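Following this message is one structure expressed as structure tokens.
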Amino acid sequence: MPNARQFPRFAGVCTFCRFPLIDTLKSPPDWVVYGIPYDGGVTYRPGARFGPRAIREQSAYVKPYHLEHDLNLAERLSLCDGGDAPVRPYSTRETQEAACAFALGLGDGHTKLLAVGGDHSIALANLRATFQRHGGGRPLALLHFDSHLDTVDVAWGEKHTHASPFIRAIEEGLVDPKRMLSVGIKGPLNTATDLDYGRQAGINLVTWADWRHRNGVERIGAFIEHVRRSREPVYLTFDIDCVDPAYAPGTGTPSVGGFTSSEALDLVRSCRGLNLVGADVVEVLPALDPAGITALLAAHVIFEILCLGA
Amino acid sequence: MPNARQFPRFAGVCTFCRFPLIDTLKSPPDWVVYGIPYDGGVTYRPGARFGPRAIREQSAYVKPYHLEHDLNLAERLSLCDGGDAPVRPYSTRETQEAACAFALGLGDGHTKLLAVGGDHSIALANLRATFQRHGGGRPLALLHFDSHLDTVDVAWGEKHTHASPFIRAIEEGLVDPKRMLSVGIKGPLNTATDLDYGRQAGINLVTWADWRHRNGVERIGAFIEHVRRSREPVYLTFDIDCVDPAYAPGTGTPSVGGFTSSEALDLVRSCRGLNLVGADVVEVLPALDPAGITALLAAHVIFEILCLGA
Amino acid sequence: MPNARQFPRFAGVCTFCRFPLIDTLKSPPDWVVYGIPYDGGVTYRPGARFGPRAIREQSAYVKPYHLEHDLNLAERLSLCDGGDAPVRPYSTRETQEAACAFALGLGDGHTKLLAVGGDHSIALANLRATFQRHGGGRPLALLHFDSHLDTVDVAWGEKHTHASPFIRAIEEGLVDPKRMLSVGIKGPLNTATDLDYGRQAGINLVTWADWRHRNGVERIGAFIEHVRRSREPVYLTFDIDCVDPAYAPGTGTPSVGGFTSSEALDLVRSCRGLNLVGADVVEVLPALDPAGITALLAAHVIFEILCLGA
Amino acid sequence: MPNARQFPRFAGVCTFCRFPLIDTLKSPPDWVVYGIPYDGGVTYRPGARFGPRAIREQSAYVKPYHLEHDLNLAERLSLCDGGDAPVRPYSTRETQEAACAFALGLGDGHTKLLAVGGDHSIALANLRATFQRHGGGRPLALLHFDSHLDTVDVAWGEKHTHASPFIRAIEEGLVDPKRMLSVGIKGPLNTATDLDYGRQAGINLVTWADWRHRNGVERIGAFIEHVRRSREPVYLTFDIDCVDPAYAPGTGTPSVGGFTSSEALDLVRSCRGLNLVGADVVEVLPALDPAGITALLAAHVIFEILCLGA
Amino acid sequence: MPNARQFPRFAGVCTFCRFPLIDTLKSPPDWVVYGIPYDGGVTYRPGARFGPRAIREQSAYVKPYHLEHDLNLAERLSLCDGGDAPVRPYSTRETQEAACAFALGLGDGHTKLLAVGGDHSIALANLRATFQRHGGGRPLALLHFDSHLDTVDVAWGEKHTHASPFIRAIEEGLVDPKRMLSVGIKGPLNTATDLDYGRQAGINLVTWADWRHRNGVERIGAFIEHVRRSREPVYLTFDIDCVDPAYAPGTGTPSVGGFTSSEALDLVRSCRGLNLVGADVVEVLPALDPAGITALLAAHVIFEILCLGA
Amino acid sequence: MPNARQFPRFAGVCTFCRFPLIDTLKSPPDWVVYGIPYDGGVTYRPGARFGPRAIREQSAYVKPYHLEHDLNLAERLSLCDGGDAPVRPYSTRETQEAACAFALGLGDGHTKLLAVGGDHSIALANLRATFQRHGGGRPLALLHFDSHLDTVDVAWGEKHTHASPFIRAIEEGLVDPKRMLSVGIKGPLNTATDLDYGRQAGINLVTWADWRHRNGVERIGAFIEHVRRSREPVYLTFDIDCVDPAYAPGTGTPSVGGFTSSEALDLVRSCRGLNLVGADVVEVLPALDPAGITALLAAHVIFEILCLGA
């Protein structure tokens, strides 16, 4: 991150958090942040293909020193912008394959991958790459922040959509449903059976109402404590629609109610100490974000995630 | 509500929550949702006449299964979109009369009426129709969510405005002020005497500050418990400006502070079990709602209200 | 179209130009206007799936009497809104098939079809349906208003995109390239070879510069005069990006320069007397249309097209 | 107009063109510009009540020296902002009366009145005041720039709306229809009979198509020349919807096609030398004017009108 | 504040809260609210020069009776709009001097000054004027609501910026750092050393995290109680970015997380009884405030501040 | 420019027209396009510092083959994005110096410089660098497209503002006023004396009215023909406000009337064959450009300018 006193934050080609482009690095970075500008998997409003662009822009105002953790991210980790993965605009499957291959080419075998969507279907690409690079055979633990379950089997005949990344990830052995926690589920569902897959697979589900009115806070704390102690590799996936539309209007399938931005950042911060091996931040739709606050929030979530491992 | 797996939510002529149009039904519905696109009663910013249109649009993403209540609305109730009432754009009185007559023609004597505004003056039309159909002579109990008292006698020489529906409803014997609860009142008033009418009439008033800092929560709970037990007919009127402008920027007389969307939905949910006989959702002004979150919230309030009686 | 003096233009469920829904008609209409809310074929900015919804909304202000032609559309033709075709959000091919089948079920063998996009890939669906219904075996003449040629063979491995409807239509024998006129082509191209297909196939090409600075006006006039006299069946396809972005900001692949709205309407009006058998209006992208003027223009183009055959 | 080199254009309480408030003047001004913030007469989209506010804001960038006329408006005329007329938000009739009375109290018997709407119904108020002050008994000549005829007799039972100011003005003897010129009429009408009143009354009608394709330019020139020579008192009424929605998106009943801003300014400029005794600029709707260009154009139209008499 | 029943809130030249202009007063007011439309001190996004204009506009809906304090502001205090200070658009220093001189000319020696920004650099101008008028030699106590410390020494070679008003105020002896409380500090910093100045100077710092998770509430209470009892002169400075971007999107250096609007108003209300001698509300940037909610909130903060001293 | 069939236009870190970053080139380019994100010189609305960012974004849709010139820009010239110059946000003078020094470091002595603003004050920086690199001692000829003269001597005590680049350039001997052509001047001026400097210095002035109504077209043609034949070095400066606000709403000092986008592009195209040695495109203000059409137009102007020398 260049010194803003010399190079103002409104200047320059936009990269994530003003990190250097990967091609300018001399050694492989600790983390690479890269975009997957794909939204062909959506079920309602498209436009998240422009998410990486908007988040790069808004992230220009993210500074490096974390007040609460008392750490300077830029001093603790080697970070970069990996550019955007090649996408195949008419095929979620092909995009997932191309993006995974691209990601595996970023950095070296120790570099961790933070993918920026795009719709949630791109999580599968980054999960595959992360699993291959860091998983060691055992399915990953998964921390999932979202309004939606994203375990729909098929939509309009297609098995690869933004509603299905985790059912596919579980089927592929990338994720262990019993060590998967979905936080913030809310809003009306299509049918009661939407919950069946997750329940049968053993996914831990903390709905928004659980968090507000029941023992959700404790259950999240227990899950995090468990994976922190075990030191097992964890992947974090953050769908921006887990926060209320007041805080994130720019998203494709908004769900009324949900975390405030501060609550969401606190949740991510509470994961400090985990053995985080990969992450994604998805579903920012700039065309519905007139003041840019959704992309700004996403930029800060990226910052908080990177601080977890610093 | 058509199956979204076959008929995507972004497709088709927009009706409230994708309910069928009333003309296509074979038997009278349990509830009819209809619009009253009128804003001639406003005191500040007009434009709520486009509220029904915007809410129909945003409600396309409302799904039928309620997670907290564990009920599938579409399976439990027969529902429809009744279209829009005829309005008389230059006269609140004539609109109130025409809309009441239109409403009484919707469904049969058992069908309940949910009116979508439009400004708050349209509540009087739906209250009259509901009273005539369900009231049985005794004034209705009223649950009133709002930033404003709406009991102004006269504005600029006119007795029928969006500031006066409830003083008129009480005068006409449609509502019993002693069984009326106004929740969320906040913001500066014109004078201290604005409160006089309500106090003298015996309206229960829980201001936003009462709810945050005093015993407002308990008083609301007691009121709801009372009318639930008595099984008396209750009417619910929801002015979107009771939530904070961050959650509902698109409204004509916004009042800073107020419920979050989640708090508002929880309040409506807490009314489950009441003998709800009619309702309205008003004051959505799409021209000031750049990302559509106000209309989306209104659509979810409609969904929550319908679930109360399911 | 209901009388606006009784039923205000801001009221009611939105249909194209306030035409009745097809299910409410007693006999097959002369023309049916229907939506194909699909944008999976785009190469740049998605969102045109919401085009039919926005155009229905803005078309509420289209009145029936045409001042220049001195005709009352509502009195001369039987018209309706056919609703939206079923789409398959993840497949242009399947959508084209499903939409064509849907269109063939609208009205009877004499009913003409005006499809509202959606991206330009939907033109192929309506062309197939129109050809099957009205073509009689011989390829149709085609009047094509656009900034782009739309004769790209393959994009990212896919032969069915919004850049390719007319190469496919020619291949399928739906359109005769020698009786096809593309008007308004402008803006930078990818390579000089982009023009090769059209030239070899014999498509008549009147670029924006031809129209402004050379004999484009005369060539258009001659083409129209020819097809008018021959009485051969003509199909008209109107991509909103043929007008300048000042007049149509809400489109996915905007091209600087181009017709004014008035010039575009004049061009359509100049086609009066043709044996028009089908049409489409495409590429309206509401998320980039903050004041709604693009959708309003599209609504007027629809009106002008319908007047051609009245 | 304060010197912008000392008092920047972005500073200060906003008045029309930075003119002084009328209360600060020592002698009656030549012209007073005042607002009538009323939109209760509209038939479609309300919001023009905020027109005066938006035009005051955008007019801060209007400078005093007219390049073409080679005149410094601030040096040639005494000008001021008269504030806003009192309006009666629920009654067009009462507003027209109150605004007329207010206007007659501005300046002295020589002061000319430029009213800023609000919807077109406010023209009647300013016409009455102008007639009373300057007319001398004989009906005024009228130059009317508009997309609409505004001679509708009754709408929804009401004779005073934004569609009817000129039929009322003619009936009241304020305007002589035979010396009235309506320029720019365009767009579909409700029925062919909409034209009957104007034709029978003898109003000169130059439609947008007349201006583009027929002898409209000449007819306008002849009319202006006639009233210039006769030195008869002329009133000018300018509805912003006479320009294309690309130039004036912020208006309530937009009509596709129409003048460019430059053509409109040229038309006003061509009226130099007339005995202009009053004017209005109406129908700016700020909520649909995201970049403020409609209000900016209106501010320049006001400037051009004031220059006519300088 | 004129009676809104006679003079609607949407009418008239906009002044702060519809207060009279200072030139129309007969005696010096208790408080004067005036603008300093300057944003030349920003480090990121400019545009706050239009803050006074937007806040005047939105403040039209601020009514005078405070429900919680049970006081009618208009009856208790003499209040006015002092217009805008002259600014020197290219120099923060010169603007600070010119604005201070302007402020000292407003009212008499008892009149208190509430400055409306503009960026935070304008606080120094109002602090100087307030100190000179009310300070009596001893540095003022300072209540500072902000996301940022605003004690940066130099930015790009300049010592007077929106990041430095309080380091300068302390250096100039206007403010006593030991009686200065900064509330709401949050977001990433440039480096850990950003905190050094404040710590060494003895500024009381309650971060957003302190307020949420630690003893921040108590510390604020203790500070307020202390200055209330001492009756020492206090200055209040309110940077709108202390609230979350959901509540205040329209600001130049937004910081994710932060107070809700209701929490912010409560904090200001909790200061009732202080010997408040001056205040400012800064950093509203209208171009990023599409629905006007940021300026509306600022208007309410102004109202709450004025009520403190009533 | 990468192949869009492999690397979609919505993907990747945004550079001007998707040109490679200068650091990735192996040999000095023919032209470098670089940003100067500075707006501290404005007299009215700031925000043009974000111009380079927005133009980079919109230029992603600029393709390389020019239809009218029949040339493929990417094949004919070596082009790159030079990044953004360092700016000194609080000093126009220092920014002009720093940007000039930065520009002289781009490419080699043959590389030509196209600067992207920022406000018009940045033109002086690029003129200095161009003169030093290509001028050879003799002042440059200047083609100036603008609504404003930009020859103001001093504003608020400052000689370096966006209103003064050309008076300074003439004084410094960079530009020969007798071989300077200002095209498109329009709108009210502060005083008649604004024209004095240009007239006395001998600047050729073609106002917007000259172009529309008098011999402006011929005069422009003669000027261009003269400098084409002489082969003298020419600099082109393009202020986006020379086009009408309908085409370029996003600018700081908009002037009603003006070129259409098509007319403006034609004017630039008419300069083909000139010995163009440098250029700038300035005054794009993204915050007032809701649909991005201003930045898109600017991107196409850049493309047209680069094609001139190809």
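Letters A, B, C, D, E and F name the chains as they come in the text, with residue numbers starting at 1 for each one.
We take it that a residue touches a chain if its C-beta (ideal position, glycine included) is under 8 Å from a C-beta of that chain, and two chains touch if they have at least 3 such contacts.
Here the structure is a predicted model, which means the values were calculated and not measured.
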Steps in the shortest chain-to-chain touch route ending at chain D and beginning at chain A | 2
Residue numbers at the chain A-chain E contact, same meaning over half shared and different meaning under half, come out as different
Relative to chain E, largest Cα-centroid distance belongs to chain C
For D-F, find its twin among C-D, E-F or A-C: the pair where over half of the contact pairs carry the same residue numbers.
-> C-D
How many Å are there between the centre of chain B and the centre of chain C, using C-alpha atoms for each centre?
-> 41
Determine the centre-to-centre distance between chain B and chain E, using the mean Cα coordinates as centres, and give it in whole Å.
-> 38
So which bits of chain F are touching at least two other chains?
-> 8, 10, 43, 45, 49-50, 89, 155-156, 244, 246, 260, 288, 290
Identify every two-chain combination in which the chains touch.
-> A-B, A-C, A-E, A-F, B-C, B-D, B-E, C-D, C-F, D-E, D-F, E-F
What does chain F use to touch chain C in their complex?
-> 4-5, 8-10, 61-68, 70, 72-73, 244, 246-247, 260-262, 265-266, 290-293, 296-297, 300, 303
Chain D residues touching chain E - in the complex, by the definition given at the top = 6-8, 10-15, 21, 23-24, 35, 37, 49-50, 52-53, 56-57, 81, 83-87, 89, 290
Could you pull out which chain B residues touch chain E in their complex?
-> 43-45, 155-156, 185-192, 194, 207-209, 212, 244-246, 249-250, 253-254, 256-258, 260, 288-290
Would you tell me which residues of chain B are touching chain D in their complex?
-> 39-43, 45-47, 49-50, 88-92, 94, 155-158, 161, 287-288
